[in-house]
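Here the structure is laid out as structure tokens; the discussion comes afterwards.
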Amino acid sequence: MTIGLTHYLVLSAILFAVGLAGVLRRKNLLMLFFATEIMLNAANIAFAAISTHIGDLSGQMFALFIIAIAASEVAVGLGLLILIYKKYGTLDLDNLSIMKG
Amino acid sequence: METVAFYLFSILITGLFLVTAFSRNILYAMSALAAGMVLISGLFFIMGADFLGAVQLVVYSGAVMALYAFGMMFFDATRDVKEKNSPAGIVFLLSGISAVILVAIFAAPKIGENIKALVTGTKGADNPHVIGEVLFTKYLVPFEVAAVMLLVAMIAGIVLASKKMDESLSEIYIDADPETVAKEEQK
Amino acid sequence: MENLVYIALFAPLVSSLFAALFAQKPKIQLVGIVTSILIGISLLASVTLLLDIHESGKAVSVTLMDWIQAGDMDIKFGFTVDQVTAVMMSVVTLVSTVVHVYSNYYMESDKSFNRFFSYLSAFVFSMMVLVMSDNFLGLFIGWEGVGVCSWLLIGFWYERKDETRDVNPSISPSWAANEAFIMNRIADLGMLVGIFMIYWNLGTVKYSEVFAHLDQLSHGMLVGIGIALFIGAMGKSAQFPLHTWLADAMEGPTPVSALIHAATMVTAGVYLVIRANPLYSQIPEVGYFIAVVGTFVAIFAASMALVNRDLKRVIAYSTLSQLGYMFAAAGLGAYWVALFHLAAHAFFKALLFIGAGNVMHAMHDELDMFKMGGLKKQMGWTFFYMGLASLALSGIYPLAGFFSKDTILEVAFNEHTYGIWFTLWLTAGLTAFYSFRQVFLVFFGDERYHEIGAHPHEAKAYALWAMAPLAILAVIFGFYKEDFVEFVTKLLPAYEMSEHTHHMVWILTLVTTAIALTGIIVAFIKYSKGLKRDLNFEQNNKLYKLLYNQYYIPVLYEKAFAKPYKELSDIAWQEIDMQVVDATVDGIAKAVETTGDVSRRAQNGNLSTYLKWMAAGLIFVTLITVISVVIK
Amino acid sequence: MSNILSVLIFFPLIAGVFGFFVNKNSIRVYGIVVAAAEFLLSLWLWMSFDTTDAGMQFVEKISLIPEFGISYYLGVDGISLFIVILSTLMTLLGIVALSIKEDLKNMIITLLFLEVAMIGVFVSLDVILFYIFWEFSLVPMLYIIGAWGGPKKLYAAIKFFIYTFAGSLVMLVGILYLAYIYHATTGVWSFSLTDWYGLLLPTDVQTILFWAFFLGFAIKVPMFPFHTWLPYAHGQAPTVGSVILAAVLLKMGSYGFVRFSLPLFPDASVAFILPIAILAIIMIIYTAMVAYAQKDMKQVIAYSSISHMGVIILGTFAMNVEGISGSIFQMLSHGIVSGALFMLVGVIYDRRHTKLMSEFGGLAKVMPTYATIFVVMTMASVGLPLTIGFIGEYLSLAGFFKVSPIMTILAGTSIIVGAVYMLSVVKKSFFGPLANPENEKLKDLDSKELWALVPLVAIVIWLGVYPKPVLEPIDNSTKALVQLMHKKAQTDKAKKIILVSKDAKEAK
């Protein structure tokens, strides 16, 4: 059995689900960031796999841009996290609900 | 050989990411994440996306994880994260269902067969070479935008994180918790 | 001739507007004089027209201007003066002139003197429009116009407060005015429906065109129109069951009662039936119904007049009763007889009312006849006039009432409607009785007025002179019967008695005169020597109480219509409008608000929850996509 | 001056904007001058109006968004001409009679903007333009009620706004659907009403659209059971707000029926005569009863408005020239009479700061002129012949009599129940003894109030005696309208019920 596109896609789906589970479960903002990274990576895998499969580089390009975005996100996000932590002394989502309607 | 590598990587990645997602310790989680990313770059190499693999290694496993590591210094990373996790049922139900759906979609025979390339004819060429060509022709504008974005993000990161922590330019202290403020001042 | 028509019509309007200029000023004697003169001019014009038509035999028609033109409807202000109209105009303006002159005396110390004349002249104008119009809608203008003037005049002393029925059976002038207006409106709806029927079936509302094309209509339609118009007539002429307003209308100043509620306005209904004679002569069954209603009202009203102690109310009931006579005659097809009685009645009933006005002045507005008596000494002329009018009303030879009333009885006999004849005959006796009961109670017997501290005095000379024309006409009008018949039958169908009736006439006359005299004699025996009250009888006799309380009909109306309407209105407002309709609207708004309030809780500020919702949404959307793909 | 309609629309708009820069002390004069000029312009419109022409006149058409067929398209015919004049007149008199002290400047500017919206609604022939003005009219009214109103002003203002707005949104859907159908049928986009008149719709489509438009118009009229915003709006609005609301804004609904529902959906209109007539009869009788139950003078007039609008609706759905002309005339008559009555209530409210009839009684003695004008208006309101109120009511009822005699008799009770509540107001407020000592020193009408009211009295009597100058153009345009409907009617029932007048038939 050769490893085809489907295998990669399924792997990416599973990883995405793992990330999703993390996003949903974690209350610590930092952990949420990690989980988001997982989901981004899952998407990257799918992009790269399809790109390879059909011989179109666009997929890889997108993966590349995703990586760029992830990097920026981390840079800005971490800055914000630090601010939040300084202001509230916590990164726990349960304690960060000033937007309550 | 490829099969073995794929399964090995897959299992490892999944395991590591599970650790990331559910570990109580931030350090463990981060380490597992970094390891998982390295392994993903391995997957990319298997696929033949050499350049992407390299970028993954450099940017993700290197730069991003390093950023996290630096960022964590601001937090108390040694302590276990205390979370009041919401009922696991809903979480697993939601993520489980989405996993099932996604897997079902991707595994459906229709998907793999019906994908068609928009731009073909680049296969077999030297990967980084071709990428370079595509990146600086077809994707030039997005590339430049991404560059600007990274610059902005860098500046933003600096601005946000380098503020003097006890006095803010914005009014973030105005409705801050008085206890927290008191603590800050004690420090 | 056309100019005379306009003079007769617009002199009262000018008069009214002139008086209206000073309506808010204190009394100006000039206003009374000028208005009287203007109405007098109208009288002159009317009489000239009457004589002219008498000579030429031709009607005068004028068209003033367009009024309503919409679709195929084309209604103009058109006026026709024919025989019937000329008679009506002369009667109306004559009584009006007398009343105007008399009002100068009666209202001399009223602070709203000028306003009164303005209303009174406006009434005359409306009445003239009513009788002169050449189409049904023009008639309706006058019809409503007299209604409004009547409303204004009944409620003339608007500042008086509401009393209970025990103190004042009419409650208050303003209440009585509203009652009159609203009751008339009920009838007016009938009239309006009649006009609609005429319009949609014939395409016109002009008398001449309508009556010329009546044969195009089915019998059922004719009956419908006849009934609808008669309903209108019932309101204005206060026929049962819309009669209660007339007695309450006595709250108005007495000249008003004389003019509006005796001589002119209330006869408008009779005028309508006479005017529509081509219609009613084709539907004898409706005519018979009208006659029956008239007969019933005649005896019904007369019975109430028997026991009432209120001077004006007695005359009001008697008016009602006499209107019944007129309807009986008109319903039986004797239109000229009805018109004749209308004119005769106008003269002697106005006279009677004006006399009552003199008495009221003398008694300081006391109306209870039981508190009068023996006024003959101080008020000889008034006694003479009222006695004369009462004789005429009772139908004693040779006064006008004898001729007119007798003819109505003959008609009833001639038509073999013996029930009607008998009832009217009986009513004639009752009429004589209550008329003279009134005369004797007021002018004969012991002087009970000392108890209320009144100092009776005779009316001023010019007031008494003003009454003279009416008195003279009440005496001599009957002798012009033949001329009258000849004149009006040029327009109205001639009514011939059968041979049999001709032979019976002298017996009928004798019988009628006999019962009238009996009535007078009974009244004389019982009341001329002074008042002997039987309190036990008054308090315990059921029949007496029934009659005295007008068969409890006003109370019944109050309980059956006015009160439930008020309560229903309150329910409609508070229960239905507020609690159902508006509450539904507010309920919808509330539901939206509640939904928002509930869904607001989802916005709890916790990112985790949002993320869960997001995941759920993701699943939802992908599921739908998958399903839709699979189904395809 | 062929673009007089644009002038009519934009003059108050510009004047309103300039109003912001006018000195506070002279704003009243400014407002009166502007409104008077506008009124004179509208009279000029009437003078140069060709009364024999039944079609649209003074037409202006400038394409705005040609891709969608939306244009700036104005025109006036006999049906809308007098409502335009009524709008300018009532605005003028409303400003003359203004007794508000606070924020007078904003009030006058708001009224001028309101005038723009009102005129815009009645002269727009492009449906999108119509809809914009229709909705825009809500805003100034919202301000007037919400800013100068009584104690429950916010509730009333918001209820008024949201209720009518909800209705018009449904109408908007109808408009868009109709435009879509027009596009599907002809292949071009157009929102021009005159284009739409040429469209023959299948009856089932007509039904849907009829009810969509119905909801928008019915809430505005307001028809039972959508009427409950009106008593609150009137009860809380300042006098001038009530005057304009009753006189003009309600007419937008009934005008909509005549302008849109009848000619666009003749078959559906005929098919739904029965339910609408039933609603109208409920409006007439039920709201008259509710009016009778009121304790507040202004609420009586407010509910009486609904009752009278019932007659208008009935006349509109008579489907013959008599009824429709009558209902249009009744719109004017009701505008003038109810406007005057609201002004009159405002007069006593200014003096006593209460509208409860139990506080009054015997006012005729201290305020005779006031009482006289009130009685004249009462009589016009109950439809006395030779006043303006009679002609419209008579024609509407006469028209509907052709459709259903029984229902006309039921509706005709309006002349009875109308008299009941109006006369009881007069009796309770003006007659009887002067019981309340606070009323003893009341002043009669001052010159400002007389200036506002006497013209209305004059109109009431003038148009009652000689309605021809107004009725004739209305009648001409109505004849054309009915003919159009008859031509468009597809079902046999509609052909039978829509009654073309005889002379129009002959003219053919």
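Lettered A, B, C and D in written order, each chain numbered from 1.
In this section, a contact is a pair of C-beta atoms (placed from the backbone, for glycine too) under 8 Å apart; a residue touches a chain by one contact, two chains touch by 3 or more.
Just so we're clear, the structure is a prediction, and the values are computed from it rather than from any experiment.
Both subunit B and subunit C are touched by A.
If you compare A-B with A-C, the chain pair joined by more contacting C-beta pairs is A-B.
For the pair subunit A and subunit D, the distance between mean C-alpha positions equals 63 Å. Subunit B and subunit D have CA centres that are 66 Å apart. With each centre defined as the average position of its C-alpha atoms, the distance from subunit A to subunit B rounds to 5 Å.
Chain centres here are Cα averages; for subunit A and subunit C they lie 94 Å apart.
Touching two or more other chains at once is no residue of subunit D. Counting partner chains per residue, subunit A has residues 20, 24, 27, 94, 98 touching two or more of them.
Shown for subunit B are the residues that touch two or more other chains, namely 86, 90-91, 94-95, 98, 102, 105.
Listing the residues of subunit A that touch subunit C in their complex gives 20, 23-24, 27, 32, 93-94, 96-101. By the touch criterion stated above, subunit C contacts subunit A in their complex at residues 600, 603-608, 611-612, 615. The touching residues of subunit B, counted against subunit C in their complex, run 86, 90-91, 94-95, 97-98, 101-102, 104-105.
Those residues of subunit D whose C-beta lies close enough to touch subunit C in the complex are 159, 162-163, 224-225, 227-229, 286, 289-290, 292-294, 320-322, 325-326, 329, 362, 364-365, 368-369, 372, 379, 382, 384-386, 390-391, 394-395, 397-399, 401-402, 405, 408-409, 412-413, 415-416, 419-420, 423-424, 427, 430-435, 465-468, 471-472, 474-475, 478-479, 499, 501-503.
Put simply, subunit C touches subunit B in their complex at residues 608, 612, 615-616, 618-619, 622-623, 626.
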